[in-house]
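Take a look at these structures.
Look at the two complexes coming up: chain A is in both, with chain B in one and chain C in the other.
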Partner chain A sequence: MIVEAGQLALTFAFALSVLLAIVPLYGSFVANQRLLLLAKPLALGQFVFCLLAMLALIYAFRSSDFTVINVAQNSSSTLPWYYQITASFGSHEGSMLLWVLMLAGWTALVAQYSKALPLLLQGRILAILGIILAGFIAFSLFMSNPFERSLPFYPVEGRDLNPLLQDFGMILHPPTLYMGYVGFAVAFAFAIAALMSGRFDSIWARWVRPWALAAWLFLTLGIMLGSWWAYNELGWGGWWFWDPVENASFMPWLAGTALIHSLAVTEKRGTFKSWTVLLALAAFALSLVGAFLVRSGVLVSVHSFATDPGRGMYLLVFLLLVVGGSLLLYGRRMHSVRSQARYQLFSREMLLWGNNIFLLTACLIVFLGTLFPLFHKELGLGSISIGEPFFNQMFYYLTIPFALMLGLAPWVRWKQQQLAPLIKPFSLLALAALTLALGVMASMQTVQANLALMGLLLGAWVGISALAEVTLRIRQFGSVGKGITKLNASHYGMTLAHIGFAVLVVGVAMTKTYTVERDVRMQAGDTAHVAGYDFTLVEVYELNGANFGGQAAELDVRKDGRYLTHLHAEKRFYRIQRTIMTESAVHARLSRDLYVSLGEELPGNAWAMRIQVKPFVRWIWLGGLLMSFGALLALADKRYRRKTSGQPTEPANA
Partner chain B sequence: MQSRRQKRLFAVLLVIGLLTGAVAAMLYALQQNIDLFYTPSQLVEGLGKDKIKPQPGQRLRIGGMVVPGSVQRDPDSLKVSFDLVDTGPVVTVTFEGILPDLFREGQGIVAQGTLVDQTTIAATEVLAKHDEEYMPPEVAEALKGIRHVPPSQLQQKNSDAKPAEGRY
Partner chain C sequence: MRKVLFYVPLVLFLALALFLLSGLFSDPRERASAALDTALPDFALADLMQPQHIWTPEQLRGEAFLLNVWGTWCPTCNAELGYLTELRSQGVKIVGLYYELPRDPAFDAPFDLAVLQQDVTQKLAQHGNPYQFNILDLQRSLALDLGVSGAPETFIIDANGVVRAHHIGDINPQVWRTKLAPLYQQWSQP
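Take a look at the complex of A and B:
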């Protein structure tokens, strides 16, 4: 019964979203205030119904109602209760509903917190979100219904959740990532609404900025969680694989990063307008491309869902309509927009423009690298794969100028900057960065050149420059105490995010260079020496979990003869799905991770073990976290709430 | 002082220069990193209409079914070798390291490596998907001539691996 109610709720949500797409938009053209005022209740209403639909689905999973196909294929009665809940978004159908719910949530938030906006704009923004919502709810209802039943013949036991997804990371990763993905729909709607009315000024940028920042925050967090999850669950000790689906989330991130920087210029200087609008369109379009790639089955990866061509076609058409429609509007309207502000060649505007160019080039590289195999195959040139080295090489070259500019940009004034006053502080900064990088280099036991040194140099450069810059700004207020409280929250946010980037660069370079990985054959009692650590295999024994069996290995780790820690690695066999999973053992410290995964059983009572020592790998996720916190701080800035009763601080996780 | 036009020109030239550089670098890097996919019979007979055979030393990917009984392990190390087959010829793959969890005899896998001689590949990576019924799409295509089969339908067909009692 509840399941049917869920289906009904989703149908109501669809009806409301169609109304939301039409009524306020019509009202905005005939200037009917009453129709425009309907936008808010409609937006809130469809959110309530989407929420009810999601709750009904969770109920079906919790009660193990195997008459529902979705539940039967992705859950089982032996699954722990928390995974039964997360299984509700572990499948294609369920995750689509989650996607819809998130979008509905953002729409409701916009409705709630946009009182300060002119009614006309408010109505149009909500109507555009309504159009997108209607498209996705229709997809969920007609193409991938999560509530479909298989009556009268149904299984007595479900097929269980894919073991890869039975992990703590799975609880957090999809919701945050989706919040980020669909969050860019808000910036998109603002851009389209502004295109309709032709009004672009710094007030418009100030309205969009917190929404774009919030979406970027969630996307950053989501990608970082995904990387951390892959590291723990896939058993290879890798943290980024340039897998097509990872790339699909990375592209909107790159465009979104460009967007939040470009928005800064539009807000502060009233220029870069058409560029900012284009980026807002691009960020959301790339989110849609991501959804298409993951759900259409055109690309094969660990993430892709079981799909059929009809769904892919629907998403492709939807994508083309959204992108085509918005570009058409952009082309018709944008030529009338003129930027007034002038700026010199050496100015912050130019440096931020450079930032955008590099981010978009990176985006283009990822796009080509991801889709090239697809084109190659469809053109009949044979199947190919593009390896990690391609992306690594390209990003290596891109990061160097990007990071150099990043260290420079916050110091440079808007409009124009004389070179002379910057020479002295920058020589000092460069010297400090060099000393720091070489110092860290010297403290590592082996000196390996190039990548690690470059990473440390760039990281130190960006980090020191960011710290020095924020100190300088604080001093400018007279006393330090006064400065600390006077400086904008968004300035702190920027500094923190830049330091996060520095930390990330250092983490990537150090992990890439200094990771020691060894695959060894071990019997109980054997010791493997890896990078100064002694790993002793104590025993391997049989496991017996709720829905899995398998083996577990116990290892003792010593360094210089001194006992350091105990590691517990598992190889699980999930009975229902008949799948083997590696649960790696990790001993994490800020300076290094010890990582052990249990491989296959070898003849002669021995086991294959993969042992890795990965210096600085935590810094990668720490960098991502710092960037997210930076965005959070920036969101807390007072100016987004000035004159407005309630701009968003932190959108609640819908 | 520069005029607005000069600045524009400079900006446009900079963009074009950067783009050209980026695309050139990208193509160069792409060329070095494209790995063609072969099945064992394509490897032996040549690929495509022109029957181009790969040269020893070339990096490539190969996909096929592991021949049952062909897996040989070195007793003292993690060295392993096995044979791959699709429709005819057999190709040998050597590898040192941990095979993926789902590596089984008789199952489809993809290996990345370099060609040693006409029928031997030294693999640097062996891939098998986390799904018992998985067959690399390229292998499925070469073996059966099927494309884009929705896994949901595949699962329906081979449902004997599942608990049988209650299903249908």
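Take a look at the complex of A and C:
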């Protein structure tokens, strides 16, 4: 009954989204204010119905209603209650409903918080979101219905949730990631609405900025959580695999990062308009392409969903209409938009332009690396695969100039910068970075590794430069106490995000260089020495969980004879899906992780163990977190909440 | 000129869409072996049961046959032994390429031919023996040259020693009828 109500709610949501797509748009062309005013209630209404549909699906999972195919295939009665809830978006069908709900949520938020916008623009933005919503709800309803029943023949027990997805990280990862993906739909809708009206001033940019920042924040968090999840759950200590599905989330992130920087230029200086609009279109287009790649089976990936050419076809047609249509509009309208402002070769505009170029190059590399196997095959040249070394090398070379520029850019003025005043502070910065990098290297007792040195150097450069710059700005207000409060939140946000990037670079370089990994054979009582740590296997015993069995190993870790910590690694056997999962034992410190995963049982009461010591691996996720917090701080900036009446406000310095 | 520039994103996107469309209708996991339509790679490998006999491609010429990659460690291979034996009784010539798993010196016992022979004899007695003989690919070098990604896989080799077809996965009555039988017929014509 509840399941049917969910189906009905989704149908209502579809009807409302179709109305939302048509009515305000029509109203905007015939200048009918009443039709435009309908946009807000329609947007809020469809959100309520999407929410009801999702709740109905969660109910079906919680009550283990195995007459629903989706429940039978992705849950079981022995599954713990919290995983029963997350199982509701663990499958293709369920995750599509989650996607729809997130999109509906963003639409409702735009409807709620766009009072400052002119009615015409508001109506158009919501209508465009309505079009996208209608497309996705229709896909959910007609191509991949999460509520479909298998009556009269249904199983008495479900097939259980994929054990890979039974992890805390998995509870948070998909919703956060989807919030990011579909969040870019808002910036997309703003861009299309602006293309329709031909108005791209700094006020428009100021409206878009918080939405783009919010989407970017969620995407950053989502990617970071995914990486953390893979590290804990896949049992071999990796944190990024350049898998097509990961790349599908990384591409919109790169485009989104370029977008928030380009938006800054459009807001402050009124230039880069065609860039900004193109990036707003691209960020969402890449999210859609990503959804297509994951769900159509075009590429081989470890975590793509079960494939179905019908679904792929639908998504491709949708992609063609939405992205093709918007790019056509871009081609027809954008060439008439001119930028007024002029700037010199050495100016912040140029450096941010460089930022865009590098981020887009990175995006293009990921794009080509991901899709090259497909191109190659479809051109009849045979099968190839592109792996980690390609991406790693490309990103190694890209990061160096990118980070150098990043340290420089916040110091440089808009319009024009004289070189001379910067020489002294920058020599000091470079010296400080070099000292710090070499100091850390010396404490690691090896100076041979150039990747680590490069990473430390760049990290120190970006980090020190960001800190020094924010100190300088604070001093410019006169007293320090006054400066700290006067400097606006988005400036702190930028500084924090840049430091986050520095931390990330250091983390990647150090982990890549100094990770020590050993595969050992151990019996109870044996001790393995890895990178100065002594791992002693205390015992291995049988596990008995709710829906899994298996073995657990207890280890004691000592360093220089002193007891350090206790580790608990598991190897679970999930009974219903008959799969084996490793739950790695991790002892985390800011400077290093101790990582142990339990392997196969060997003859003679022994066990294969993989032991790793990974310096600075936490820094990778810490960097991601700092970037997200940076975005959050920037969002808190007062100027996004000020009622804008039409005239440009304060001369900006951020 | 400036006007045209703004259509570049659209053109690039349409080109991409074309690839995605054609990608929808092909299986990314399907891979053609690079050895297809070329002569069998050169090898000199011992017979599994009579290790003093060394097999080379020249000795395999003269008659079309199936080269079946298998191992006793592979459950699917064991499952298809029965049907393959049936095919042998219908006159299909099948040669086994025994795929020995790599050994980890730290964890595994050293390779022992006598143990393996015993293992194989027992498995074949249990499920049926479809093989004229078995070639032991201890270092997996021939399997590598043929582009084997796992077991079971089967190649059709014609009378001139040219690799004509490559099948990944097991052979069951349906696969044989719809895919392999026509190919075998075609390439075993004198």
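The rule is short, and it goes like this: the second predicted complex is superposed on the first by the 642 of 654 C-alpha atoms of A that agree within 3 Å, B and C clash if a C-alpha of one lies under 4 Å from a C-alpha of the other, contacts with A are read in each partner's own complex, and residues count from 1 in each chain.
Keep in mind that, in the parts below, contacts are C-beta pairs under 8 Å (C-beta built on N, C-alpha and C of every residue); 3 or more make two chains touch, one makes a residue touch a chain.
Predicted, not measured: the structure shown is a model, and the values here were computed from it.
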Touching partner for A:608 - first (chain B), second (chain C), both, neither: both
Touching partner for A:278 - first (chain B), second (chain C), both, neither: second
Chain B versus chain C as contact partner of A:582, first or second or both or neither: first
Partner chain(s) touched by A:345 [first = chain B, second = chain C, both, neither]: first
Chain B versus chain C as contact partner of A:156, first or second or both or neither: first
First (chain B), second (chain C), both or neither touched by A:368: first
First, second, both or neither for A:292, with chain B first and chain C second: second
Touched partner set for A:387, first chain B, second chain C, both or neither: first
Chain B or chain C, by number of chain A residues touched: B
First (chain B), second (chain C), both or neither touched by A:357: first
Touching both chain B and chain C, residues of chain A: 297, 300, 309, 382-383, 519, 521, 602, 608
Chain C contact footprint on chain A (complex, rising order): 274, 278, 281-282, 285, 289, 292, 296-300, 309, 312-313, 316, 319-320, 323-324, 327-328, 330-331, 334-335, 371, 373-375, 377-378, 382-383, 519, 521, 602, 608
Touching residues (chain side chain B, partner chain A) in the complex: 2, 4, 7, 10-11, 15, 18-19, 22, 25-26, 29-30, 32-37, 47-48, 61, 73, 75-78, 96-99, 101-103, 112, 129-132, 136-138, 148, 150-152, 155, 161-163, 165-168
Chain A residues within the chain B interface of the complex: 66, 153-157, 159, 162-164, 235, 297, 300, 302, 306-309, 342, 344-345, 353, 357, 361, 364-365, 368-369, 372, 382-387, 389-390, 393-394, 397, 519-521, 571, 576-582, 597, 599-600, 602-604, 608-610
Residues of chain C touching chain A in the complex: 2-3, 5-7, 9-10, 13-14, 16-17, 19-26, 28-29, 31-32, 34, 106-107
